[in-house]
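Two complexes come next, and they have one chain in common, subunit A, joined by subunit B in the first and subunit C in the second.
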Partner chain A sequence: MAIVIVDGKEIELAPGERLNGIQAAERAGIDIPRYCWHPGLSVVASCRMRLVETGTRNSETGAIAMMPKLVPACQTPATDNTVFVTNSEKVERSRAMVEEDLLIDHPIDCPICDKAGECYLQDYHFKYGQDKRRADVRPFTSRRREMGKTVTLFVDRCVMCTRCVRFTREISGSGELFVINRGSDEEIDVFPGHPLENKMSGNVVDLCPVGALGDRDFLYQQRVWFMKQHPGVCTGCSTGCSIDVEENLDTVYRLKPRTNPHVNQWWMCDEGRYGFHHVHSDRRLTNVRRRENEGFVNLEWSDALAEIDQRFRSISRLGAILSPHLTVEEAYLLAKYVRQLDPQAVVVVGPVPVVGEDETFKNGFTIRGEKCPNRRGVEEIVSHFMGRVATLDDLLGGIDAGEVGGVWASGGYKQDWIDDATAERVAAVECLVVQDLFSSPLLERAAYQLPAAAFAEREGSYVNHADRLQSVAWAIRPPAGVRVEAGLFWQLLGVPGLVKARRVLDEIAKEIAFFSAAIDLVGPLGVDLKAGVLAEAAATG
Partner chain B sequence: MKPTDPKIKWIEEPKLGLAGKMYLPLFVQGLSTTAKHLFSPKVTVSFPEARPQIGNPLIYRGVHRLNKDSQGRVKCVACFLCATACPAHCIDIVGVESPWPDREKYPQSFTIDELRCIFCGMCEEACPVDAIELTSLCDLTGRSREELIFDKEKLLSVYDQTKDAEPMKSNSLGGTL
Partner chain C sequence: MPKFEPVLLANVGKPNSHTLKVYEGQGGYRALKKVLAESTPSGFLEAVKSTNLRGRGGAGFPTGLKWSFLPKDHLGPIYMCINADESEPGTFNNRILMEEDPHQILEGVILSCFATRATTAYIYIRYEYPLSYDRMHSAIDECYAAGYLGKKILGRDFSLDIFMHRGAAAYICGEETGLIESLEGKRAWPRIKPPFPAVEGVFHKPTVVNNIETVCCVTQIAARGVEWFKSIGVPSDPKNPRDPGSYGPKLYCLSGHVNKPGCYEAPLGITCRQLIDEFGGGVWKGRKAKAAIPGGISMGLLTEAEFDTPLDFSGPGKVGCLGLGTAAVVVLDETVSIVDFLHNSCRFFAHESCGQCTPCREGTAWSLSMLERIKAGRGRLRDLDLLLEIGDTIGIMPGTTICGLADGAAWPIKNAIRKFRAEFEGYIKRTNPRGYMMTDAVEALPVVGAH
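So, the complex of A and B:
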């Protein structure tokens, strides 16, 4: 058993485990300041902020021999009997000197810098810096260069950690960014005519420890300390990246990747990152409407639900289209509702939007062509009720044969999801209820139009392409007039009390074998359902 | 400043002496202050016929103003520090990229709800560029609530109105002018 000593604390390493000084110190609960080191990137040891003292302990005599010079903790492997000292006077003095050096050439325009509040330079200066500046530099405005459509560079704020350069070389594999000049004139730049335009470009902004790289979409929209972070799941494609939804007063300002080694590691793609603006679109539906003569009239939610329930009860055969944008819980509740009214009801998976093909980057990160978050989850719900994965064609067959009389269609798609011809066939039913975010050919033909909730407003679980279930809570409240599906179906089912996604998931996990692994608490990293199913099969078989 | 900073002087509350413990001497001392004010000249004025005398207009906390720089542009850089410091949440700013080459960010709109404001002066204290200041205008009246939500133009006009009587904080007063 290898033992590493950090500031007097002994850390045991598992056999074969390879950590550097920073990671070993993290185990001991000690945070070593760093700019250039990032767990997802290669080590360059250029920032000099995380210099520590190191030495070796003689395992027989116990005597410790220290090295005379400071070493970078990120580049020093933690092997058996390695000693790290991170809080000695020598180390603290070195950190203060590095901070002072970085600030000699810094504009100190924190009041207008978007990074202020989450800036490493600020944090480390308060923690390790000196309280007086010896350099006589007045605050000045940083030079600015556009790196591409998504990212802008504030040249003078940069501390030359080269995280962004390494990202484009090692993760996205596109290599647009590089360092020009040498010594104190070093700057980040792109080649003329080759801007930073890869599909993961937004990540360099997250990586930047200071305010040098700015997100043009978010620039000056909000100060970071006003925003609250809500753990969520990106609904842009079936990868289902773990994200943080950052909002203030029910407005989403940005999405940031949340570290999840099983799904997205530290990254997310630009499509997901900037794909939340539809949540606050003016075109979103906010009224419950009923078709009357040639037009539509507005209804109250309570009246509409009672009317729909009554009409559905008078129809013998029902159908439901479960959108792959619904959460597992919502899909289950809707299927349960139509099955409660009609035990033979046809429950089908809604159209799965596919745009292009899967795109894999150098490090293995994949943007999937399947542009919905929960196809797997909804498919499993459907096959639980139908015995197989029924698709829209099954429902269309039933409608064409005149068997199905009432259909509840849930949408929630960002893009067009149904064509006129298909919508015409679905609309042949007696009572068509359509719940959607935006207007669609099907919505135009509906008897009842209900506004749907967007991803940041939903609470529940999504199952990604690799059968990993992730549960999220809502981040913002829906706009006035919109009700979140889960609560709606809960009310239609006539269950007393307020809806709680966890309670529904418990029920699903008990009822459907596929979801059995979700019976325990689902942590922030989610649960692998495949492992649960295999374990169950092994136990029973 | 860290709590362990050697420059911080930590002091204990002084212990009560014999006079304090006996209660009566301090009681008489307090009452004498009351008596003194009973017979001193009155400071109450019949407003609005008579105007109150403001001691030092430079530190009085009245209506806000937004200062202008030497080129007549709004000095504010839209950093939101006043809005962050404001305990009454009465400041609303929309910051955008500035149209000027020497400045990066400026407020597209800047509104203060004067009815919500508690005139604590925290905004003035938080401002890193001395753009927002409290003037000595103390008679703030209006015919509607909307009238007392001051926008950027109104706040800049307060500056024009008061800049001669109350100059911006100079460097000697701790300003960044």
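So, the complex of A and C:
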């Protein structure tokens, strides 16, 4: 067993484990300040902030021999008997020097900088910096250059860690960013006519340890210390990137990738990152309405639910369209509801939106053409109830044959999801309930229109393309007039109390073999359901 | 000291010395033929290793040892890079060799490639040397025509191609790994080591980087033998088993305030005073010397009292300089202001810092801005302490940078202020009588760039 000593604490490495000094120190609960090092990028060891002392311990005598000079922790491998000292006076002095150096050219315009509050330069200055400026005071400069449609550069705030440059070379593979000039005149720039416009460009803003790269979508919208972070899952495509939804007072201001080695590592695409604005769209439905004569009248939720329930009970054959935007729990509850009223009810997967083809980047990150988060989860729910993955065509067949009398259609799509002809065929039923975010051809033909919740308002689980289930909590409350589906279906089922997604997932995990791995607590990285299915098969067979 | 017969410069100055015909007439390429006929790559490598030949590019790393770090029985290609990006201020010996005696270089390159089993060599040449570029190019063409380059050289199972690469005028390209990055077509940001170039260099393949003068020494070792080489210079210190000694002839570039500046060949270990008096004809205009740069500006300063320091690989280090460097001696006479000298030095390094590591990028620029202010008559005594603090904290010696450029920037600051502090203090007090005791941060002056 290899042992590494960090500030006197011994850490054991697993066999074959390769860590650098920063990672070994993290194990010991010690944070080594860093600018240029990022676990997802190549090591350049140029910021010199994370210099530490290192040495080796003689495994026989226990004597420790230290190296005379400082070494970068990011570049120094932690092997058996490596000793790291991260808190000596020498180390602290070198950190103070780097902080002082970085602030020579920095405009120190924190009051007007978006990064203030989550800025490494700020944090490290308070921790390691000197309290007085010794370098000559420079005239204030704050040059701004647009790098592309999504990212802007505040040239003077840059600390030249080159994380963004390495990102475009190593991760997105597009290589737009580079360093111009030399020495202290260095700046990040793009070639004329070749702006930063790859589909992962927003990540460079997350990577930037200081306020140099600004997100044009988020710029000057909110101070970071007002926002709360809620672990979520991106619903833009079936990759299902782990994200943090950052909101203040029920307004989402930005989405940021949440590290998940099984899904998205440290990244997310621009489509997902900036694809949350529909949550706060003016066009969102907020009224419950019933068709009357040529128009619609508004209803109270309680009246509407009672009416729908009553009408559905009088119809012999029911159908439900489970949108791939629903969570696993919601899809299960809705299916259970229609099956409770009609044990033969037809439950189908709603249309799966596909735009273009899968797009894979240099490091393997993939933006999927399938623009919904939960096709796999809903499919498994449907096949549990139907014995197979029934699709909208199956339901349309039943409707055309006059067998199905009532349909509950859940939408929740950002984009158009049903055409007029299909909508016309669905609308042939006696009682059509449509629940959606935005108006659609189907909604126009509905007997009851119910507003749906958006992703940031839902609680529950999504299963991505690779059968990984991730559970999320709601980040914001829905706008007035909107009720989140889970609670709604819970009420329709007549179960007492408030809905709790975890309780529903427990029931699903016990009932449906595919979800059996979710019986235990689902951690922030989610669970691999495929592994659970294999384990189940091994145990039973 | 007995009169030393130049070896490396033997052909320099002769008519058409750069042509193959003249070089062969002087016995050129005979050593190559002999080594290829009689020796094996490992045999020749061992011979070079036993001479303790130390690299002439500045760091003085033993060449044979460097070659022996290459992986044994490597299946892929091994590359040889010849560093002709001679940009250390005061240094011009490579230029003279390239312009006057390119075949001596090429013979050394071929021999070095034979020893290291490299089949491709790149000569990275400084942009500002157009004549060198042309001469080297035509010499390579002559070698291909004569069968010294190409496939199956002189009938042996040994092939070699040499390519010239012109730099774009950056000092940092002279750094071993900066050169490699530049050769690969990238920004010349030195690489972090390990891996060392011998393991992973150009195009991720094992690579040796040698200086022009070093490969010329290889030619002479092949021609004259190990014993001849070890009979010249300063033997290794018996008390220090790790000292490889300073053997062989060395080209000293003498410039500045001397009567006869030029490139002179002398055995390693000649003192600075001997060089100035015997070769340079003394300090010019009958003046006295004040100081001298021992080996390129980055090595620091010798005061006049330290002129008896032997200019071998360990000599300048004993009097607080960084080392021998490129052995480019620049003499400053008594009229030179050390403030001006340091300002010029800081301006050079601030301009040439590649900007990768924070301490060097900001430290060199900060020291320049302080020197600008001191020169403008607004200096403060506190600035000297700040300058010394910068000098003591940047570089690979304290471990705060990737490459040695910062050490080169630090040494002139440290040496100038420590050895001439009274002059600095006098200058500051005289030019800023009201403010020299101030300690608060003051307004920065606009800095005039090097170009």
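Please note the rule applied: the second predicted complex is superposed on the first by the 537 of 541 C-alpha atoms of A that agree within 3 Å, B and C clash if a C-alpha of one lies under 4 Å from a C-alpha of the other, contacts with A are read in each partner's own complex, and residues count from 1 in each chain.
Going forward, a residue touches a chain if its C-beta (ideal position, glycine included) is under 8 Å from a C-beta of that chain, and two chains touch if they have at least 3 such contacts.
Here the structure is a predicted model, which means the values were calculated and not measured.
Visitor: With the two structures overlaid on subunit A, would subunit B and subunit C clash, or do they fit side by side?
Guide: Subunit B and subunit C fit side by side in the superposed model.
Visitor: Would you mind checking which one, subunit B or subunit C, touches more residues on subunit A?
Guide: Of subunit B and subunit C, more residues of subunit A lie in contact with C.
Visitor: Should A:I112 be classified as contacting the first partner (subunit B), the second (subunit C), both, or neither?
Guide: Only subunit B; A:I112 stays clear of subunit C.
Visitor: Does the superposition put A:V224 against subunit B (first), subunit C (second), both, or neither?
Guide: After superposition on chain A, A:V224 lies in contact with neither partner.
Visitor: Quick one: classify A:R144 as touching subunit B (first), subunit C (second), both or neither.
Guide: After superposing on A, A:R144 lies in contact with subunit B but is clear of subunit C.
Visitor: Could you say whether A:D131 touches subunit B, subunit C, both of them, or neither, answering first, second, both or neither?
Guide: first
Visitor: Quick one: classify A:L102 as touching subunit B (first), subunit C (second), both or neither.
Guide: second
Visitor: What's the minimum Cα gap, in whole angstrom, linking subunit B and subunit C in the superposed view?
Guide: Shortest inter-chain C-alpha distance (subunit B to subunit C): 16 Å.
Visitor: Touching subunit B in one complex and subunit C in the other: list those residues of subunit A.
Guide: none
Visitor: Tell me, which parts of subunit B touch subunit A in their complex?
Guide: 1, 5, 77-81, 84, 95-97, 102-105, 128-129
Visitor: Taking the touch rule as given, give the residues of subunit A at its contact with subunit B in the complex, in rising order.
Guide: Result: residues 109, 111-112, 131, 141-142, 144, 219-220, 223, 225-226 of subunit A touch subunit B.
Visitor: Once bound in the complex, which stretches of subunit A touch subunit C?
Guide: It is residues 43-49, 51, 69-72, 75, 93-94, 97-98, 101-102, 104-105, 132-139, 159-160, 178-179, 181-186 of subunit A that touch subunit C.
Visitor: Would you tell me which residues of subunit C are touching subunit A in their complex?
Guide: 170, 187, 189, 192, 350-359, 361-366, 369-370, 373, 386, 393, 396-402, 441-445
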